[in-house]
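Take a look at this one; I'll ask things after.
Every chain is named by a letter (A, B, C and D) in the order it is written, and numbering of its residues begins at 1.
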Amino acid sequence: MLVVMQAHATEEQVRAVCQRIESLGLKAHPIPGAIRTAIGITGNKGAVDLGLLESLPGVIECIPVSKPYKLVSRDAKEEDSVLRIPTPGGDVIVGGNHVALVAGPCAVETEEQCLAIAQRVKKSGVKLFRGGAYKPRTSPYSFQGLGESGLKILSKVREKYGFGIVTEAIDNESLDLVEEYADVIQIGARNMQNFSLLKRAGRAKKPVLLKRGMSATLDEFLMAAEYILSEGNYKVMLCERGVRTFADHSRNTLDLAIVPAVKKRSHLPILVDPSRGSGWGGWAAR
Amino acid sequence: MLVVMQAHATEEQVRAVCQRIESLGLKAHPIPGAIRTAIGITGNKGAVDLGLLESLPGVIECIPVSKPYKLVSRDAKEEDSVLRIPTPGGDVIVGGNHVALVAGPCAVETEEQCLAIAQRVKKSGVKLFRGGAYKPRTSPYSFQGLGESGLKILSKVREKYGFGIVTEAIDNESLDLVEEYADVIQIGARNMQNFSLLKRAGRAKKPVLLKRGMSATLDEFLMAAEYILSEGNYKVMLCERGVRTFADHSRNTLDLAIVPAVKKRSHLPILVDPSRGSGWGGWAAR
Amino acid sequence: MLVVMQAHATEEQVRAVCQRIESLGLKAHPIPGAIRTAIGITGNKGAVDLGLLESLPGVIECIPVSKPYKLVSRDAKEEDSVLRIPTPGGDVIVGGNHVALVAGPCAVETEEQCLAIAQRVKKSGVKLFRGGAYKPRTSPYSFQGLGESGLKILSKVREKYGFGIVTEAIDNESLDLVEEYADVIQIGARNMQNFSLLKRAGRAKKPVLLKRGMSATLDEFLMAAEYILSEGNYKVMLCERGVRTFADHSRNTLDLAIVPAVKKRSHLPILVDPSRGSGWGGWAAR
Amino acid sequence: MLVVMQAHATEEQVRAVCQRIESLGLKAHPIPGAIRTAIGITGNKGAVDLGLLESLPGVIECIPVSKPYKLVSRDAKEEDSVLRIPTPGGDVIVGGNHVALVAGPCAVETEEQCLAIAQRVKKSGVKLFRGGAYKPRTSPYSFQGLGESGLKILSKVREKYGFGIVTEAIDNESLDLVEEYADVIQIGARNMQNFSLLKRAGRAKKPVLLKRGMSATLDEFLMAAEYILSEGNYKVMLCERGVRTFADHSRNTLDLAIVPAVKKRSHLPILVDPSRGSGWGGWAAR
């Protein structure tokens, strides 16, 4: 359910509608747009008594949302969401017509490694630096990441070069630390349906980069983002990184067609990570 | 690396080898077999000095394990692992030539629902009852399970009918509770590569039922089990439940061929959950 | 479009309806059922003038068929199609509740090989013998089959043991010969959408065994069968043989769930060929 | 097996080697390169007596080819194959660093339709015009193409605008006509493993555009091309057009990573057809 406010509705009017929604035991999600604000309602089991809401000052109409995803939908917000990520080097803009680039090593290994890569990345003009301190590894015997000391190395890179830092959290404990040290919290493909982690990310104060699961459909991908928004964090960017298919000549098959498909249905920005989809070795080179 | 003990090696000899392994800063995993015990070594970055181990009393030989999975492998244990699950109705045996059946509702909804289903399940001779108190749902707006009150309902079913209870944990918090209330901890398909949860399950005292991820390869499936064993919990049973394919006439495609493929490579038992692979509606009926 | 005849409609009435249909420039497909005959109409670009048909003696009603497949559909024939295949050893029945088994070598290599295998197959009670004289091979340098001399070997097996012979045709030329020598014409997975070959099979006088393509959906599979029926050959049996998925532990993934899905939508019999779906080597062993 | 000739080997020397090969009952495939000619040998069941060949004038060495594909391999020809297609508007070059564009309607429907589209295509600078006169359709009730009258319409487009014509053949009969009327013979995805048709295309005098099958692996794709080359037609261009995956937001998933994978292994040019991989409707718009 969405409550659509008039173009010139005041903040008090929006607040009053939200309070009425909350008083019904529901959750209100005000989504400000360029022209008007819409208020998403979640938590309703069945129909909401519209009369209660439509008669409030500033309300144009209440419309039901038939798609399974609500807050991420273009119905809730017609124009593109544009995220502004504060970094030591100034705000980085992701979404709309802005081109955002992210680069860095797969894993944070040493301070020297990270600083050396950071120097080159800086020269290329990229403003967001990525590197994993917590690595979800297929084998328990593979290097699992440096943990908090890896985050501290990323902090030094951040201070020295002014980057915004993007790094992955793999559980609630690591998310606490990533939220503290980094500028963007990454949720990896293997955790795209770790709903407990998504909810925790939805309560974080930092933007979230959500990677598509290895075999996630478009709907499942958008629903995973919906988990984050439904907890109150609207600063979400999606990321396509290749899907699992029968093809054996590359690690994954990059599904570029999901980009326009997402843009059609959702206001969220979407990035593309070509490293796994461009061959077997590419993922190590980024 | 595996240390193979003589058929008549004593417990003290096994213990002495384990102590020597631990003194090298490594982890020892004694795996008792019908004929002899093998001791898996994990935690080694490179080669282990074999001389130190091969000269100990009771040791036949040290053999390197080339496969990515070690403890779950037939190399580590030649004969089938047979799990003995203590339940109020007596021990339930899973593995080897024993036929184990699990039945119950998708989600625990009410005490009445569970008791009614339990009565019928009991009549059919099934000894393990399943039902979700924590449900990983694609949508944040779907019923997420009753949580601990669901576990309490399952406890009543357990007491009344003597079942062993199998129920899913979705994060560390729910795993603590599932471990307390249930007899088998289920890790669902969406969490098959939630490595943080797998490690926690590896430290649990109860057996674990690990479901195959939606697009997990055989190696990834066995490696996920390896995570649990590597933390010390050897009571793991696997479960095939269908994989994601292009086929659109059923929710998932049941991959029965993985059963002999697992049996060839691993000593762990494997169950089959046909509910999703047999149609679109089947999953609701189990 | 289907014309449903009364239970006691006479053969002349059916014939008259067919003639009227043909006089409209359309094709009539009388499909006799246990209780009544339905007459499928194909060739119509748009709506057919029903009045012309519904008023004819013996007609109950004309019903439009909304599914893309018509003649293979349960709408056209409610009860299972049961094929009766004349063989030197008596009629073999395929479909309904009859269990039909097919066995034999992958390729016909020599007379000795075929006779030796046939002797064992005979003992097992199987009545349909298969073996390829024309082999569709991934490599142009692999053995392509013995061609007509292979068919002659199959003829000897047929005479000696009384089998019905099932063998693959790969183009119009081989289909001419297969139709002459064999009892069932097999269309392989790679040719499931070789529509030119399907049409030729539809004009054949022998029953057709149509294998599912490597990545064919249920609808595509039924539509391929529809090609054969639409040319006038209603003696079609389908065969599931595994589909292409990401799974790398077996050559293909056997999709058993398509069996009930086909049975729900179509009256045609469906067989299962487990050889490729049960491992990498299984296909050679059948 | 490949016979590598000296850089300055004469035509007579190449011819003599070919004759010697043929006299052994094998097939010789001289493959001229920028620097030297290699001669592929096919038809050998086992090892060839190299002494017979290595001692001939102009021969450097004989090397075995371990890959399943031989003539399409970079081993047989190190540099890119560049095809020169004669058209009324001059030669069109496909391969190497040349950018080749193909455009036109899905199906040839009327002369007016084709001429109208051709006018626009001409303006865009595209030199190869495509349009189907023979359409492989999932349903027998869909428009199957105009056949030879469609080819005649394409001929008029060819004469009027100077295009090279690319059009699909679906069986031996249509291939005879396509070879007569068109400049490039297209083999569609559904026929990529119609080996009988591939062999016929290998005996054609016109270049062949071979589309990747819906679920063809890289090796299967190259082997399908090998069929054509092994019959003597070396003018083959490949075409990626999207593969079948679980993704349901587009008709197929375009697998761009196959382009560098093909370029690494084969000297053949490869085109990309984005129409099916870019959405559900895109295919109709090209």
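In the analysis below, a residue touches a chain if its C-beta (ideal position, glycine included) is under 8 Å from a C-beta of that chain, and two chains touch if they have at least 3 such contacts.
Every value quoted in this text rests on a predicted model; they were computed, and no experiment measured them.
Participant: State the chain with the largest centre-to-centre distance from chain D, centres being mean CA positions.
Facilitator: B
Participant: Between copies chain B and chain C, are the contact residues mostly the same numbers or mostly different, with half as the line?
Facilitator: Over half shared, hence same.
Participant: Weigh B-D against A-D on C-beta contact pairs and write down the one with more.
Facilitator: Looking at contacts between chains, A-D has the larger number.
Participant: Round to the nearest whole Å and give the separation of the Cα centres of chain B and chain D.
Facilitator: Those two chain centres are 51 Å apart.
Participant: I'd like the Å distance between the centres of chain A and chain D, where a centre is the mean of that chain's Cα atoms.
Facilitator: 44
Participant: Tell me, which residues of chain D touch at least two other chains?
Facilitator: Counting only residues that touch two or more other chains, chain D contributes 215, 244-246, 248.
Participant: Which residues of chain B touch chain D in their complex?
Facilitator: Its residues touching chain D are 244-246, 248.
Participant: Under the definition above, what is the set of chain C residues touching chain D in their complex?
Facilitator: Residues in contact with chain D: 42-43, 68-70, 136-141, 170-174, 190-191, 193-197, 199, 214-215, 219-220, 223, 226-227, 230-231, 244.
Participant: Which stretch or stretches of chain C touch chain B in the complex?
Facilitator: Going through chain C, the ones touching chain B are 215, 217-218, 243, 245-250, 253-258, 260-261, 277-279.
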